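Pasting the structures in now, so scroll down.
Okay, so subunit A shows up in both of these, paired with subunit B first and subunit C after.
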Partner chain A sequence: MSEVTEGAVRPLIDGAARRRPIGLLLVAIPVLLMIWLVIWPAMNAIGRTIWRTDANGQLSFDLSSYVFFFSDRYSLDNLAVTLWTTFVCAILLLVICLPIALYLRFSHGRLSAYVQALAIFPMFVPSIILAFAFIRVLGPNGMVDILLNAVDLPKIRTPYLTPWGPVIGLVWDNIPLTVLILLAGLGSVANQSIEAARDVGANALQVFWHIILPRISNSVLVALSFSVLGIFSSFTLPYLLGPASPEMLGPFMQRTLREVQNPVGAMTQAVVAFGFCIVFGLFYVRSVARNQGK
Partner chain B sequence: MTTLALVRPRTDWLGIVFAALLTIAIVGPLLVVGTWAFTEVWRYPNVIPQQFGFRFWGQTLGRPDVWNALMLSLQLTTVVTLLSAAICLPAAYAFARMSFPGRNILFFSFLAGHAFPKFGLLVAIAAIFLQLDLIGTFWGVVLIQLVGTLMFMIWIPVAAFQAVDRRMEEAARDVGASPLRVFWSITLPQAGPTIAAAVLLSFVGTFYETEGAWLIGAPGIRTMPVLMISYINNQMVIQFGAVLSVVLWVPSFIALMFARRVIGGGAFARGFGG
Partner chain C sequence: MKRRTFMMSTAGAAAGLAFAPRMSFAAQGTIDWYTSSDTNILDFWTNTVKPAFEAANPGIKLNLVDAGDGAGVIAIGERAIAAKQTKADPQADYFESADALLPAGAIKAGVYTNIKQAGLANYSKVNPLAIESEYSLPYRGSQVLLAYDTTKLKPADAPKTWEQLVTWIKANPGQFVYNRPDKGGSGGNFVRRAIHQANGLDPKAFKVDNYTQAFGDEALGKAWKLLADIAPSLYDKGAYSSGNTQSLQLLSQGVVTMIPVWSDQVLQAIEQGVLPAETGLVQLQDLALCGGFTRSVVIENGANREASLKLADFMLSEEMQSAILTELGGFPGVSWDHVSADLRKRFADIIPQSIPTFPGGKWEAAINDGWYRNVAPNVDRKS
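And now, the complex of A and B:
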């Protein structure tokens, strides 16, 4: 709609024809930068892992780096732990954030403002500080151990340096955006439709299942896609809190590239990560674009 | 489930449970870090530190590696934010106000960076930087952090420019103001606050950017978050990390104060596709 008004108004201000090249010129630098540092690297990673120079210096179609990845025990273990972490985090995020978002949608007042502020707070805690806090609380001889000891209970088996370490950290880190996206989706659920359902005798669970869930299913998928994209290749938290072996794809890629100095291996791992995330990535991009188009 | 019933109970038990659990899970860990920063002696079985004090503040802030990292971080963040503003704000103005071929496709192409798992993309970029000898250099890190700010610094200002009242601009043009004058006196004051918020948030975001700095910058470029990684991995004195955490959190706190209103509304979540 705004397109139409703008088009109608513009000739009053300036000759549209004269502006055309200027507009392209103004957007050129960021667009070129994006092509050079987003599109090109992705293409380059795919290209260089598929067409490789053989012994004679000839470029040829060669999938050996992928064959290695999918036959190497260590790579497969890392992939498995990455998939497991992503899956567990996604489930936990839904289980934790959906009740919080439902509560925030249907209650008002100071207590709900406090809950909302707390749920959004992790957004303002850099993950590096989170990692440090995690170790001080859940690490060996951390705060939890101190408190358990004070009431004569045995120490916990610390999640630090186990696969549960990154899970706890990543869930903590992703709570704010998940709650915000779900809350935005719940905004489209009209109070009247819930009241109507209750009037005909639906209980809370039925209202949730038949009225609320169908209306927010898109938001749930967006929230999941967003967190899956972030968690699948996360680096800082798995690197600091997770086990050294098997490790998640993020630390694995970093080590392959910088310590083992095997760029082709690292790019293969990156392309594998792209492949696993492509569905979520496209869905996420489509939702954002559709939202902006409105 | 009582909340679904839309019946207001006297006591909001569900809210109390959420508030208590979230306080323990979210405020608790940060309080522990804060306590460590002001602790001189805290041996294991004690619930409360044996001795409080500021001794480790002097020691931490007196370390040359901390100062070097802080200065480097501020330089990097300033350069990235200024560059980003210089290239993105004119582009945002063009996207909001001008018509040119491919405008919509180019606008949405900035989403491409969000279609990939982020660290995978960083590794793909690093593989290119290896060939260009940009690994371990200041400008390599600048480039990688600049890309991270692009979408944010274009999409939010575009919305800001689109929200400016066109009739006021036209009125100013009618009484003979030059395009530059109109931009300076009408457009900028209205779009300014939102653009300032975008610039501030990208400054803070860049300050904390860890993954690109670690992957591209190591070993030559040690920013504050990168220094913090090495403190977590191999520093025996817990207080150094704790003091650094408290210091590091200050920019975030400023952003928190600033962004409180912006984030309260659903507009922010909608920007993420919600």
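And now, the complex of A and C:
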């Protein structure tokens, strides 16, 4: 028992001098992992696409793979469809998830618990299963077609193997994360401020626009940059549901590396993707930093 | 045991331990076997080959390891080369599926066994069309066929030549789909059949080492024209499924009437009820769609070389070759004369007259890149 009593004597908050090495050690593992698995390969890829061995075996500064990427119609089409998909998904996510999050924040009871469970559900469905379920339901002669046929309606124009296929899949896949982040943000909206606004005669739209939105703008940015990062580099859903051409950068990179056997081309595409992701990532870092500063 | 001998032997063992290099050895009598094939092949080996082989050869065990993909097997091949140089144990004996030319220099380094000269009793039965190298053993094959829905297309009207197929596709828009050539061999070999069509139906014109930019652009360019020509008549005015399975799914959902398929996959799908029994199979008679053989390799410096050669010989036995047909839905690696008569009768419709193949290497990269650039986008899907 003596150990326990001794432990209890320890001050609740250690001195800063004793605490610091432990804190740094705890951070060191993820930081080292990130340097090893993310930053170093990224640097390596940038280096190997810029300094390349020429025909004489000499290392030299060479941007030709980037010149090719940005002058190649096919690569640019793929980049364009990736940006289009990301943009459309982000808009749709916001339009779908904000009402769900608002509903969950301001309503109580059993129904809202069910809605929440339903909104989180996609998180537990692996995307490969989602893709094949999508084909069965929304695909040609799928369940929707069968149901429509039963009531003598014409078949739908299936989104399978068109650019809308991955959009629908990716939006569904990203709903849980977006709803959770928005919900967390809505937690910081005090009931008092809404009641105060209502007391002075603000309608629902005005409450949303002037009270809620300014408080959660940060969460919206975080939610969007999270899902945008995932969507931009997604692979499985565009691969299984999207058209052969134009294809998103994820499948395009994998194909260039393995099937076209062009590692430099694949790395160039990766660096370009990395560049776009950094821009999205900066939004996130900026909004987190702004929050910390408060 | 006398005390002195005991002391000597313990001292000797201790000294031996001290001098032994620090490494693990492959167990004697356990064949370390690697595959790069799909799960159905691993299942076949686990459930069919392993029990039969171990029962027939007491004292020999099989250690079945999934190397993941082709690159995984090549990496183990590189390990065997390194082990040969340091006279160490490669801990590998048998590759279920390998290319004798990869990793480069494996044959020269003496890592792969010359199967032809190894004295296998059954080697003479191997289908001569399938032999690519003396260092690898083709033991199973599959070929791409056309599968169709007999409720929509009568077997008598099924196309038998490329010309008839194109005529049928154009007369029945939206009823044919093939997958992207790099995402599965059924679409891949359909595309290669178009390349043969555009270049005088001569599979011998394409060799693993005769790719040049100029020849490639010319030969493939003609094929892209053929494929772009049929594109508007394909499913959804030119959509391409993303794999063998997805094509099968479109056929089974009744969306399309005809698709190219791997023989083993379609036979299994019919067997399991994924495709209805009314699925018809047809092979083009002017020139068959390409096929391929899976070739095994025995590691020369493996600890169980002799046992592995027994395994290689065992795979060519009538028992195993019949199992490949019935259990796996594959094609035999031996000539059809060496398959039992009733099986030969049962599969008469799909026994190929010839099995054209298409080389890999630079051709493969050129096809994969060229198809995406020239065939896939050329369609206005909105119209």
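Going forward, the second predicted complex is superposed on the first by the 248 of 294 C-alpha atoms of A that agree within 3 Å, B and C clash if a C-alpha of one lies under 4 Å from a C-alpha of the other, contacts with A are read in each partner's own complex, and residues count from 1 in each chain.
Everything that follows uses one rule, which is that a residue touches a chain if its C-beta (ideal position, glycine included) is under 8 Å from a C-beta of that chain, and two chains touch if they have at least 3 such contacts.
The structure presented is a predicted model; accordingly, all values stated were derived computationally and were not measured.
Judged by the touch definition given at the top, the superposed model places A:H210 against neither subunit B nor subunit C.
Once the two complexes are laid over each other on the shared chain, residue contacts for A:V288 go to subunit B alone; subunit C is not touched. In the superposed model, A:P246 makes contact with subunit C only, not with subunit B.
Contacts of A:T162 after superposition: subunit C is touched, whereas subunit B is not reached.
Touched residues of subunit A were counted for both subunit B and subunit C, and B has more of them. Once the two complexes are overlaid on the shared chain, A:R255 sits against subunit C while remaining clear of subunit B. Contact with subunit C, but none with subunit B, is seen for A:G139 once the two complexes are overlaid on the shared chain.
Legend: residue contacts after superposition of the two complexes on their common chain; A:F121 is shown touching subunit B, with no touch to subunit C. By the touch criterion stated above, A:Y103 is placed in contact with subunit B alone, subunit C being left untouched. Contact with subunit C, but none with subunit B, is seen for A:D77 once the two complexes are overlaid on the shared chain. Common to the subunit B and subunit C interfaces on subunit A are residues 135, 141-142, 239-240. On the subunit C side of its complex with subunit A, the touching residues are 180, 182, 235-236, 239-243, 246, 249-250, 253-255, 364-365, 368-369, 372-373, 376-377, 381.
Those residues of subunit A that touch subunit C in the shared complex are 74, 77, 135, 139-142, 158, 161-162, 239-240, 242-247, 255, 259-262.
Against subunit A, in their complex, subunit B makes its touches with residues 1-6, 12, 14-16, 18-19, 22-23, 25-30, 32-33, 36, 44-47, 87-88, 90-91, 93-95, 97-103, 106, 108-121, 123-128, 130, 143-144, 146-147, 150, 154-155, 162, 166, 169-170, 173, 179, 208, 210-211, 214-215, 218, 225, 228-229, 231-233, 238, 241-242, 245, 248-249, 252-253, 255-256, 263, 266, 268-274.
Within the complex formed with subunit B, the residues of subunit A that make contact are 2, 6-7, 9-10, 12-14, 16, 19-24, 26-27, 29-31, 33-34, 37-42, 44-45, 48, 99-100, 102-103, 106-107, 109, 111-112, 114-115, 118-137, 141-143, 145-147, 149-150, 172, 177, 180-185, 187, 191, 194-195, 198, 204-205, 207-208, 219, 222-223, 226, 229-230, 232-236, 239-240, 249-250, 253-254, 257-258, 263, 266-267, 269-271, 273-274, 277-278, 281-282, 284-285, 287-289, 291-292.
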